[in-house]
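Chain lettering (A, B, C and D) follows the sequence in which the chains are written, and residue indices restart at 1 in each chain.
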Amino acid sequence: MMLEELKERVCAANLALVKHGLVVLTWGNASAIDRERGLVVIKPSGVSYDTMRPEDMVVVDLEGRVVEGRFRPSSDTPTHIVLYKAFPSVGGVVHTHSTCATAWAQAARSIPNLGTTHADVFHTDVPVTAEIPDARIRDAYEEATGDSIVEAFRRLGVSPEETPAALAVHHGPFTWGPAVEKAVENAVTLEAVAEMAERALALNPDARMNPAMTEKHYSRKHGPAAYYGQR
Amino acid sequence: MMLEELKERVCAANLALVKHGLVVLTWGNASAIDRERGLVVIKPSGVSYDTMRPEDMVVVDLEGRVVEGRFRPSSDTPTHIVLYKAFPSVGGVVHTHSTCATAWAQAARSIPNLGTTHADVFHTDVPVTAEIPDARIRDAYEEATGDSIVEAFRRLGVSPEETPAALAVHHGPFTWGPAVEKAVENAVTLEAVAEMAERALALNPDARMNPAMTEKHYSRKHGPAAYYGQR
Amino acid sequence: MMLEELKERVCAANLALVKHGLVVLTWGNASAIDRERGLVVIKPSGVSYDTMRPEDMVVVDLEGRVVEGRFRPSSDTPTHIVLYKAFPSVGGVVHTHSTCATAWAQAARSIPNLGTTHADVFHTDVPVTAEIPDARIRDAYEEATGDSIVEAFRRLGVSPEETPAALAVHHGPFTWGPAVEKAVENAVTLEAVAEMAERALALNPDARMNPAMTEKHYSRKHGPAAYYGQR
Amino acid sequence: MMLEELKERVCAANLALVKHGLVVLTWGNASAIDRERGLVVIKPSGVSYDTMRPEDMVVVDLEGRVVEGRFRPSSDTPTHIVLYKAFPSVGGVVHTHSTCATAWAQAARSIPNLGTTHADVFHTDVPVTAEIPDARIRDAYEEATGDSIVEAFRRLGVSPEETPAALAVHHGPFTWGPAVEKAVENAVTLEAVAEMAERALALNPDARMNPAMTEKHYSRKHGPAAYYGQR
């Protein structure tokens, strides 16, 4: 059996999504990539979290072909692969239908950067994707979802490192990171800031953060001047 | 003792409603039908979930007469029976007072299909029933509740297979499925999409999903072209 | 030691409030009355729920004098006593600061009867009390809180049996019942219907239940024609 | 090793924030001061709560220099120090990103004193700080955050004893108390009243508490005439 350690980490990441309250039933999926071998480890499709074990994870190549595994891979696998191909620094991807982030996706609104909880992790608003053309929805839809995320970041001039999250319109959040554990953390933060932003705008529709604070909080945790955490 | 396996499944389904946070106190009930024998197994009325065991389940026939059981059946039994009679593909029925779905029922509004979480399971808006005439509320009210659900689906041209859920106006959600376990899952999904839709409309009162995405997500999981899950 | 069984039940009722998520820190209190002896058993003031035991409960008479107990009784004791004196059918009283019911009290609005979850337990809107005059706030305030509840029911022509709950304006909910266990259940229901009503009005500010359904649901569970639960 | 008992209490306080649902991931921090020695014990920066032990706490002096500890102190340490210097009665400080209190901070609104849950602990509205000038955001930002809290209390004529909480604008809540355990309790209360006030204003935008009730509830628990709890 190959990629045993990565399977354990991907399985643990999927279970962490349940523990953090981001996933119910069989919704959501986490994956990680082995960049050297060009292989992705991902959750099987529609399998219960109650009995999920590392050996149930599916290994696919970057064309989406199953290389190892008894199960079919997550139906969202093509979306993960597009993100791994387009964003070379990404080591792990997470997709959930967490309540508040999904509500923003259903509302077709980007999540505005209203506070330091957001700016600590996401440098910009968390972009919502543009509508996917009907022809692409009907054919290779999951790939088109990935393309719409990549397109949004290019159009807005945002890098996937500075803002490791997107909302697939009408669908829900995708997050990523250098490792799958970080992608899970970013999914937790995204749901929290989605709820905070909804509540803040209900209290004050004109709420906006001072741009100097955005820069300060983002740079406290990221880049050469970072001073948060242990180094 | 008859129908032992079905009693175990119905008891487990009722307890699952508590575990999923859809039921408090003694609200809610789940049932399953044995189509060959024409018998329904249902939760007893007003019994605590803390001590509920399979042998407490009540067996009734399709006229609502108790065939076996120490307890009285759920007061909503006539509603379940109407659904079993009118919807021949249904094997299990669930009723809850889950918070967000009940709020939509109290608001007398159907839950709009605003996202893929909804479309993965429910093909259309989840219909709210019309007002029940006062005369029927006073006499055979629970049967009238079932009739109002059947009537809503006929009026709207929606099949109970494509959208296995309804909101009884001012009352709360009913869900169903080919098996009682699926009816429980549909109750979980319904509560989630009820909350998401409420939040999405607060963020954007004009939110609407692209119809092509509705079709795509529904057909990913249902019908001849389905490719979600293990097959 | 006296009233041992009642102390156990009152202690269990107080702990049930925590378990149901209605109480944090030391907020909230439950009591029960022994009508024959004219004695009330109530939670001590400001004692942690983590270590609370039946022998910590305080026994007071109907003038509020401590008859037994190492601790001071809840500061809300005079409110409980007013309710026991004015409502002879009441055997137990519960006060919490549960989030949604308290929000209605802070909004100085009665909770409208918008659905069957409400009507199953509360026959009418759950009344909010009138403002307490400043002079009474300064002197014998807790007694005045009880008086304001009694006054609201008299003014509205509502009996404490048909609607066993009130909102003390700017303060929070009180519930009661023939036994303290029922008062706890009513506190659970009240918080649920408070949340449902808030959400329902956000979805439809004109939401109102058909009066015939109100009567039907209330009479399913109460009075001579009741047919809910086991008999 | 020094200050062992205080390290245990500060560690327990940080873990209590997680238990009360006020903190996810590594957000939030609690500290306590030994006034005699002029030393502060505080949570290390960015360390997981899952494995946190008393010996991981960091000891700093009132210039922010690490006196003992393997880890770097919380990046918010300068804010804590400003509060200890300006508010001599304070023995413990807590900072969280709890959802509802943070939403008020993001909305740049003080939390109005709408009910007795608030008035029992906070005598006035919980103030939001003014915007921090850009120059100070870029240089010594965390100290400036502390200064903005102190400035708000001076400007409003509110004492840190009567209202032991503030909202750092766009950021989140800080609470304090004579001991770190009380600062944790105040953080719990603050989150509760933040949620209640948001819901109350949604139900009634003109909600306001009678000032006589504010005084009554505050004085029930504080000052010479207090009669809540055990004495």
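Details
Simple rule for what comes next: contacts are C-beta pairs under 8 Å (C-beta built on N, C-alpha and C of every residue); 3 or more make two chains touch, one makes a residue touch a chain.
The model shown is predicted, which means the values in this text are computed figures rather than measured ones.
Judged by shared residue numbers over all numbers used at their interface, subunit B and subunit C contact each other through mostly different positions, with under half in common. After Cα superposition, the angle needed to carry subunit C onto subunit D is 90 degrees, rounded to a multiple of 5. Centre-to-centre separation between subunit A and subunit D, using Cα means, comes to 32 Å. One finds 46 Å separating the Cα centroids of subunit B and subunit D.
Residues of subunit A in contact with two or more other chains: 201-202. Taken as a graph of touching chains, this assembly is arranged as a ring, one closed cycle with exactly two partners per chain. By the definition given earlier, chain contacts exist for A-B, A-D, B-C, C-D. Across the complex, subunit A is touched by residues 20, 114-117, 185, 188-189, 192, 195-197, 199-204, 207, 209-210, 212-213, 216, 220, 227-231 of subunit B. Listed in rising order, the residues of subunit B touching subunit C in the complex are 24-27, 44-47, 71-72, 75, 97, 99-100, 102-109, 131-132, 134, 137-138, 141, 170-172, 198, 201-202.
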